[in-house]
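Listed after this line are the structures, all set down as structure tokens.
Same chain, two partners: chain A is paired with chain B first, then with chain C.
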Partner chain A sequence: MTLFSQTGQAKREPQTKVRYSFLYSRKIAPYLFISPFIISILILYLYPFISAVKMSFERVLPGQVFFVGLDNYERVFNPVFFRALQNTSVYVLLTVVILTVIPLILALMLNHRLTRFSNFFRAAIFIPALTSVVVAGTVFRLIFGESDQALANQFLSLFGASALDWRYGSATAMFLMVAMASWRWMGVNIIYFLAALQTVNKDLEEASQMDGANAWQRFRYVTLPAIKPIIVFLVTISIINGFRMFEESYVLWETSSPGYIGLTVVRYIYQQGIRNNDMGFGAAVGIILLLIIFIVSMIQLYATGAFKRED
Partner chain B sequence: MVDHRHEKLISLSMLAVLSIFAFLALFPVLSLLVASLSPATDLMRHGLSPELFFSKFDFQNYVAIFTTEAGDRYWDWYLNSVIVSSILIALSLLFSSMVGYALAMYEFPGKRIIFILVLLVMMIPFEIMMLPLFQLVITLGLVDTYFGTVLPLLVAPVAVFFFRQYSLGLPREVMEAARVDGCTEFGIFFRIMVPLMLPSFAAMAIFQGLISWNNFLWPLLVLRSNDMFTLPIGLATLLTPYGNNYQILFAGALLSIVPIVILFLCFQRFFIAGLTSGSVKG
Partner chain C sequence: MNKSILAFAASAVALTAPQIVMAESDPTTLTFWTFQQAHATFFEDATERWNEANPNRAIDMNAEVYPYDQMHSNLLLALQSGRGAPDLADIEIRQISNYLQGDVPLVPLNDVVEPVLDDMVKSRFDIYSKDGSYYGVDYHVGASVMYYNEEIMDQAGVDIDSIETWDDYAAAGEQVVENTDAVMTTFESGDIFSFWIMISQQGSDIFGEDGSVTLDNQTNIDTLQFMQDMIYEQEIAVPAPGGDHHSEEFFGYMNNGGAASVMMPMWYMGRFLDNMPDLDGKMQIRPLPRWEEGGNRSAGMGGTGTVVTNQSVDEQLSKDFLAFAKLTEEANIRLWTVLGFDPLRHDVWDSEAVQADNAYYQYFHDDIFDILLDIRDEISGVNITELTPTAQQVIETNTLYSTLRSDSMSAEEALTQAADEIRNRMR
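The block that comes next holds the complex of A and B.
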């Protein structure tokens, strides 16, 4: 309407409105809200992801880059990589089982009406999650020292067992890595389970008790179905985090472990890509790791029926 | 009626199991405290021996951390960790709260795709993109800088998810009223909604702060000079068998967790809200 107006003032008004109207627009505002995030995703996720794929087909030297086709991938399948993959797989298997079953049992106890001091126990078991992996590594190296006098070996001697070279044996090395991860993450997973247990239908639980269901039956048919989504979630992130493991190994052995006993896939990426400056090769290992994680997660999600109920 | 002796037995056995696990969780923390109060060279040679738990405390490590040059370096790392965590908390909370809020409060084309993108980003392991990101940081000249250290953590999908869930409960009537009064969409967010969202900001500040405070692999790549190290990277350099600053390591490791533990004991509720955010469906 103002278009037809001839006065100068009326002409200027729509102009200022145009200039600032986007601040008032409900259509544009959401895009402004999400734009910093989208830009960061493009720079920090999409670009590196595409480069990683590209890099895995290249030989990257300072100042020059050659396309080498599948060369890097052919080199990946060597005994050292398989050793890393084997270590990582054992680690994933152990941490997934330990960090799902034990926290579930402890959460059920903490949630039980007969448990006293449950707030204290929850806080106490959570505290290790606050420590950095370096702090955890420092303590574990002290407790599991090689000397006969170190705590763990003294403890073994109580049972007449001989002292162990914890960080220098294959099985004990795996034990240390799994123990460290379990120590740090136990409390976190308990919190997840406790949150999930609050969603269990109390009426259904009481009704089943009235009907004479015993504790195991109540758990099996009432509690378990209700917390199944969280179990699937925790198993999935435990698998992903397990395959990503690097830090536990690094703080136990720094740059190299004797006879590859602490070598993991990500550690192999770090060694080859950063330390040996062979970025193309490191990227190829990374892509293979991504495929492994993807396949294992899919099998797991399929096996637990996570796809069936989803919309 | 259930007989009381039976209940008592259950109660006691659960108490016993929980006590064992609480002990296993707290024992290493106690060990660190004892280690920080024991002669450092003994520890490095023999590990932590049981006698040290009962021997007289030795404050040498703490004296060293407050008086020596190596101790000064430790406090540099501490300061760096505080700065890096603060930058990360400020930037990632700003970005992710805006996205979470927009996803919850507006209807716009592309909304579903953005939400799926957030979930997808949650699943791609950072390690895959680590090498190209490292190259990018070198190209941009961000090696050895605070900004380079926080860069990959700026995208915080878990926080976006959390803010979205939280914003769904915000009052929409207030939005309408503010619009009638001539408030801009940004004004509505910053002046009206952010104050209402403060508990969620607290939860995410703690969550992001913890991630940043303990972050290891990326800073290990990006930080090169000793005076730029964050606490975990600096302490890791002391772990080597060739080092001679074990005093700083043991006292420093303990001092590095003290502020976090205090925060946790004061704000448990926020810690727990921050953690469970990524998993709760809805």
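The block that comes next holds the complex of A and C.
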């Protein structure tokens, strides 16, 4: 319809412009501009997604593929999967809290006019994000080694505590994974918060100060509302990344973690789908994970009011 | 406009020029994937000799080394999807069954293997076979032996040649702990070898010959309990630092005299040379203790088969080269001299070239192959099934951890649980 009326209008224009007139259409142009992204999403996401759904109903072997109905899904809800889901959920909860609260505090400190060398600290805190996770993992493994000479255990011995088998206990294992993720992503989140803090209206802050608001009140009623969109964004990203976590666990326990203490859902997909050559089952677990992430994200976005229209 | 066309033409010439040069010398490029740098070196060495012997079928070897897990995953995906696989690849024994399902994406090697099979340790070829087709050529027999640190054993007052049975071994362990700072041995808790060697030695296994799960049979329970007792009752053994015998933590521990002995296959010699330099001249290789009168003193353990994939640019060339590199007499001598492996061809074991002095004899001692010839008929193989990767993972993740490392379960409980978990996967 739109196109039709546009060409109708264009009749009065000189010939050469007719061909491009749809570019000036208010209805068409936006779609044209986003088309590269739409197309890449269709090719790179939608196609694999449909394949994965199809594969989750199949048993896949080289050259031989059988349809097995719901067989794969029936096997998904087993104790190992629940263990993986439990590990992942705890990990998500911890990283979301740690990776929003601490970076916010650090960003506030760095943003304070009295903080010295703040540029140096900004750079220093950001550096871990540039490190390869494999290198970081190796260093973490050495620091948290099981021998008395390992750095972490020497540190413990300063306080008279006995050496720990870091990679073999479920609490310390979770600590290692969360510590590694926090160490790596802290700097990135601080950058986000610092950027957000620049948008806080200085006049409002000054006004509130004159009205006698103390530091906490200024933060609570002026700063926090201004940076809320960024907090929502970071929480969403942290939740999704948390559920997708793979590397931290992989570099700490390459083949398999003792007693499944480091098993995450994505690792379970990898382990079953690829290492045990059961692609169909891996795909089924992947679809379940997709649903979980979708539901959790929706609840979170709804709860934080991300769907409400800005006024 | 003209300028850009010229620039384009020039770059096109520049791009094609090297290819023209390549076409003149005409070597076929073969790609080889492995997870062991030593294996890549071995194949590069073989390529040089091949090119001298076959100048008109020259090969340009492109050996790529990836981490264990990554290489096997990439290879499986490449073969599954039908593109991106190399010409030749190494597949580790515990992973091989993943590649023998469905329409096998590997090339049968029968025409090069069968003519020499009589001179070989045949059980090593059965592992990589399916329905009468041989798909892989291993590097070694993998005969398991005991590596004793003689310095510590002397200090403890134990004569290693007097250790005949596992009971003798445990008794010697008491003496070691009493008289020295070391423990008798270490057991892997994150890898399957220690346990698998000990049950295989008694003719038991994870799976029976018919593919049924035998993991929870009485022999296996008794054996795992024996290991657990050595650690927590007698306190003469420890779980390997780092979880297995390939970790930095273990190398350091062993190198510093932490344990008086360690049980591993012959191919482990190379790890001593590379990673435990302080033990040079102190280590003695002996057959394993027996479980009973007349029992086996070894077990064939570990292994990696080199395969030719069905995506090879030249299947015949790849096969001929593989045979040249691993099946000929010369090749088997080099498996020993270059890699320190016990080669598959038993007719070279007492040859002069194998007996000639080299770094392994210097680090250990002269009669390594006499020991091998002595235990030759006591090297049983293992049964590999479709579920071997699953079994390996269950045992490494739970069974050995909860018995040998955390001591939270008895051997019987842990093995029953593991066997049930594996049986659940059979459908």
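As a working rule, the second predicted complex is superposed on the first by the 266 of 311 C-alpha atoms of A that agree within 3 Å, B and C clash if a C-alpha of one lies under 4 Å from a C-alpha of the other, contacts with A are read in each partner's own complex, and residues count from 1 in each chain.
Going forward, contacts are C-beta pairs under 8 Å (C-beta built on N, C-alpha and C of every residue); 3 or more make two chains touch, one makes a residue touch a chain.
Because the structure is predicted, anything quoted here is derived from the model rather than measured.
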Fit or clash between chain C and chain B when superposed on chain A: clash
Touched partner set for A:M279, first chain B, second chain C, both or neither: both
Which superposed partner A:K228 touches (first chain B, second chain C, both, neither): neither
Contacts of A:F121 with chain B and chain C, given as first, second, both or neither: first
Partner chain(s) touched by A:M55 [first = chain B, second = chain C, both, neither]: first
Partner chain(s) touched by A:Q271 [first = chain B, second = chain C, both, neither]: second
Touching partner for A:Y168 - first (chain B), second (chain C), both, neither: second
Dominant toucher of chain A (residue count), chain B or chain C: B
Contacts of A:R83 with chain B and chain C, given as first, second, both or neither: neither
Chain B versus chain C as contact partner of A:G63, first or second or both or neither: second
First (chain B), second (chain C), both or neither touched by A:S256: second
Single chain C stretch clashing with chain B - from 61-69, 97-105, 133-141 or 169-177: 61-69
Footprint overlap on chain A, where chain B in one structure and chain C in the other make contact: 145-147, 254, 270, 274, 279
Parts of chain C lying in touch with chain A, wherever the complex brings them together: 67-69, 72-73, 76-77, 79-80, 98, 101-105, 189-190, 241-243, 249, 253, 389-390, 393, 396-398, 401-402, 405-406, 424
Touching residues on chain A, where the partner in the complex is chain B: 23-27, 29-34, 36-38, 40-41, 43-45, 47-49, 51-52, 55, 102, 106, 109-110, 112, 114-118, 120-121, 123-128, 130-147, 149-151, 153-154, 183, 186-188, 191-192, 195-196, 229-230, 233-234, 240, 243-244, 246-247, 250-251, 254, 266, 269-270, 273-274, 279, 282-283, 286-287, 289-290, 293, 297
Of chain B, residues touching chain A in the complex: 7, 10-11, 14-15, 17-19, 21-22, 24-26, 28-29, 31-32, 35, 43, 45-51, 94-96, 98-99, 101-103, 106, 108, 111, 114, 117, 121, 123-136, 151-152, 154-155, 160, 179, 184-186, 189, 210, 213-214, 216-217, 220-221, 231-232, 235-236, 239-240, 249-250, 253, 256-257, 260-261, 264-265, 268, 271-272, 275-276, 279-281
Sites on chain A touched by chain C in the complex: 60-64, 78, 145-147, 168, 254-260, 270-271, 274-277, 279
